[in-house]
């Protein structure tokens, strides 16, 4: 009965509801000595902030993070870092109509079944605002990974039927699209598609892809805490994700072995692979290639169309959901995917430090 | 540095290598009072046993499980259950050629990178035999779930391009196919396809689907230990799985909201859903519908074709992998998927028992 | 590298330093439906508050708790409860002299060795203020236990050489002593002793005892998460505790078996014990008698006498520690012991709910 | 409902009952590359073996360990190590009389209360044989610690009223006493005392002390996984332990601060302490001095005297416990204490490797 803690070594404990006083995270296991400021966090939080693009909710909050502990003289001390973001924009009456009606595609019914009642204001704990804690922690994980030469970059691979072509994108390329969909034509088509969705009182799904560069080989702990298993766990825990793929993902079930295997070869003294169907993971451990992940998001369940549903007193009814809702959450989810990937990878990088007796010897006898 | 333990309440700790003395599992957290015999386990283990179909490896071992602890007078005592299966058929010379060559698509290279060396005999810890411990534990989880009215049934949804049509299958229907692919025509086509693969010294991927019936609503622990997140973790930890889908899975990224939302309605006093795109999970908790999962397996990486690769002394070379290898592991993986799903669900069913203060009151004040 | 999370089912994650912005705790796993207010917490926090008796530090803070999440309409929702207490009274210059000198008996040196530097203001994370999070969480655990008929009561058993006689004390009896030492004569002697300590620029140790009534039998998880093992873990994690005893504790090593064994007998249809040397625990599980615990606290290490020590640049020096320090922390630690005991017991009560298959059957088939 | 797993990084999962087929342990997280043989384990197991001294049970089993996994070419591979010891000497009829009677001081009653029934043969899971798995794992932990220059040495400090004087003992000194009580006079007195106990159909308690040398400073994870807290947890989980002390332990509650504080000083460029009242731990982290621990064991509850008790059908009765029982378990517990201390320390040494960002940098950028 305790599912809001994630990670074994770099552990995050998130808390908060959409319309509670605040939302936040406590991170236990941040190594000491990392320069860290509230600005470092704000850069990441701004990327998921509502209002950051035309297709996001109109709720406009500063989401200014306050670091309450774990920092001294500008550096992490090794003690838990507590981060709080006040909820400033909640308008409870917006949501009063959902107190007694179960919105299709939402967690209203399941929360009531589990706990007997729920904080219905703005989705309570199942609101997208829950991801704020993840992103604040992800900003820290990303900063540490960057010091180790590891880059984590996510972007929108597809919105509805419109897909970005290509394999290599720069951050500039990604940011050039208001949807973080790094393909000019597809991005423009997706924008039109979203406008159409909104006109139809509808919403859209999409795909976020994440690429991790600079990974050392051997990261991941067989046989359960494999790198791919932990990444699937992390990504599937994000609201609205219904599928996770590693490398070629679902396509591999139709491959034959000779198509799917990535051949090794020597490249200037270094072992490399000719292809990367595996998405950088073999046997649950990183193989030194780029890690490639994809998370498939369902369309926002809140739509203004009339839908059939039931009340919490078990009567048939209909509902139209108005108010400030994203017609798509995918662009704002990019930084959430990036964050969860970074947290997972850092957690396993730490765990790997004790994989050989010789490493303990070097550490303690230097 | 410890990734071979899975589950919080019903915890399994698996151990063993393909060519070690034995392979097994310790299960901590089995509730007391369950009638349990070695025959209960053997039924499940036989389903993953090599030689159970024409497309499995020729290695033929009895895989007879020995229960070493945790049972008294035919019932579980609440103490850890240790299960051991002796490895009886290993022929080490079969594998001697792979000691120094990294097989494409295998974990040879990543094991060496992580640990400095590896038990190369038969794949060592990354062999498919590692799943024996999972299945033995899964047999116990399934038996408990059955007592609670919960059924877990997996089958082969597709092999290469051949896909089973339909949504409802009986166990008889599934067992009627030598490939556990419950569609007479598709199964026959898949058989031909696999023969062709073998003739071409190649291998095939496929899809295992799993359906869980009888689930109570509200199971799963937001926001990280959601039912779907834990299931993705469990399934992605199975060797060769490259994608996991819940419900409509990857398809949802192309849906609009009105297509994807499952409308609630009252059915004879009970809240039900008109459709089940969500795969029985909303907000990370079971919604009372069937849970639907799919795991995508890559083709067996061991193929007899010549492949380019490198040695562990960093020289280019080629390899042809002969010996007893499945051209497809998917049919044998059916019971592994079933096992991991059952273990995960039981773990979360236990966790849910303390979700309300009133439950504690009823338990301790009766 | 993550030691600030305690408990498996009722998990507390504490954070904060003495002179940081705030201090607090996130509690994951609070069952839903418990009426809870900030007043419930304040009652407990006031008991550890500085200035609550003549022998506590002069630092006088309101320590008003703010509940930031997990409560809706006055009841717990089952989601994490975040509690924050602002630090309002810190005077950083008070502590500036300890930045470069290692105080004997304190964690200054070990923090520097572990993390490379430390937040030296007011002891940073090793300050007694760290226990605020524990007490806030303990208040919640105690409230749930009370609903289950379980009482947790701690008091001061001894200060220096002055020991409370007797075995049964009421809360009134305990509160009648300004030192929470429920023996009028011993309490008066201890007061004089503490005045003498202060006059001598010295400090005193003491013993806190805790009695848990109303425990059902069978609580505790052999063989590692035994009730006594978890309680020892919990109590020894409180700063300044150097020994933990269960029941007759250290005395048992001098007993013979016939003295130590508690004989069972039937008392009006109920199994009871003639004596309780075991302190209510047999084989690591509660035996239905009162649980009896004792924690031995060392004297406050901050004393105004001159002491030899070293600097962080490795030079011999001396230090006299002035400022607001308790000559004894034992009276203020009473509620901390109570809190840690309650958290531990609730955690194991939850875990015990799944100890038999029949319990799962009753729960899920009702 | 899962308490048989201990340790976060070096995790042991023990299993087995006194009269089951076998008893054992799975260790997950053993770093790769450690030379390890069954002989390494046997040396430790022989120290706890029955019949190793005149005061141990007459049950004489070889307790030959079989390593089933995790070793290749004589070295650990980084995968789980499974160790099994067959139970060969069980004589079930010896224990048949205890099936329906609750022995005072034993776990019979509490097991029945928790699980509804129990394996009553030889104490089942609560038998001293349960410690075999701990000792096998401890042998591995000790071997790794030895490579790091850390020595863990336990001995008998006292039996009944007879106490070893002195502070520094060699292993030879300890082994010179048949009771591992390194004080010639006290050992002889203790032998007489035990003979007297046996003549009186009685048993004796005692104290095991453990000293850890060569500890680096900074080991332990505030604020809950402090070194002392984890050690108390580990030691209190050993059957029959009723108190745990660190350093001066219970004595500190009667000290004043100036007596208890250990002054630092520079010794040839190294920070040392003049005294070691703290037992080598400050603020929950090692301070570079020797770690000093004491565990207080109750007398063996099985005595041949007639004792009042009850049956499992709730009737008053009496019991005399004959058969092979140790009049004292303390000498055989020495190696168990050593093992649990070593497992705990190694676990925290691993955890400490990621305490600074600079350590990650050195590790991943070398």
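The first chain written gets the first letter, and so on, giving A, B, C and D; residue counts start at 1 in each chain.
As a working rule, contacts are C-beta pairs under 8 Å (C-beta built on N, C-alpha and C of every residue); 3 or more make two chains touch, one makes a residue touch a chain.
A quick note: this is a predicted structure, and the numbers were derived from the prediction, not measured.
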### Query
When B-C is set beside B-D, which has more C-beta pairs in contact?
B-D
### Query
Can you name the chain that lies farthest from chain A, using the mean of each chain's Cα atoms as its centre?
D
### Task
Report, in whole Å, the distance between the mean C-alpha point of chain B and the mean C-alpha point of chain C.
44
### Query
Taking each chain's centre as the mean position of its Cα atoms, how many Å separate chain B from chain D?
38
### Task
Enumerate the residues of chain A that touch no fewer than two other chains.
1-5, 8-9, 14, 29, 31-33, 78-79, 114-116, 125, 216, 222, 350-351, 353-356, 358
### Query
Of all residues in chain A, which touch chain D in the complex?
8-9, 29, 31-34, 76, 78-79, 144, 147-149, 216, 222, 349-351, 353-361, 363-365
### Query
Can you list the chain C residues touching chain A in their complex?
1-5, 7-11, 13-17, 20-24, 26, 28-29, 31-33, 66-70, 72-73, 75, 77-82, 84, 114-119, 121, 124-125, 350
### Task
In the complex, go through chain C and note every residue touching chain D.
1-6, 14, 102, 104-107, 109-111, 113-116, 125-126, 130, 158, 160-161, 197, 200, 202-207, 216-226, 228-237, 239, 241-250, 252-266, 269, 271, 274, 277-279, 282-288, 296-303, 305, 307-310, 314-316, 351-356, 358
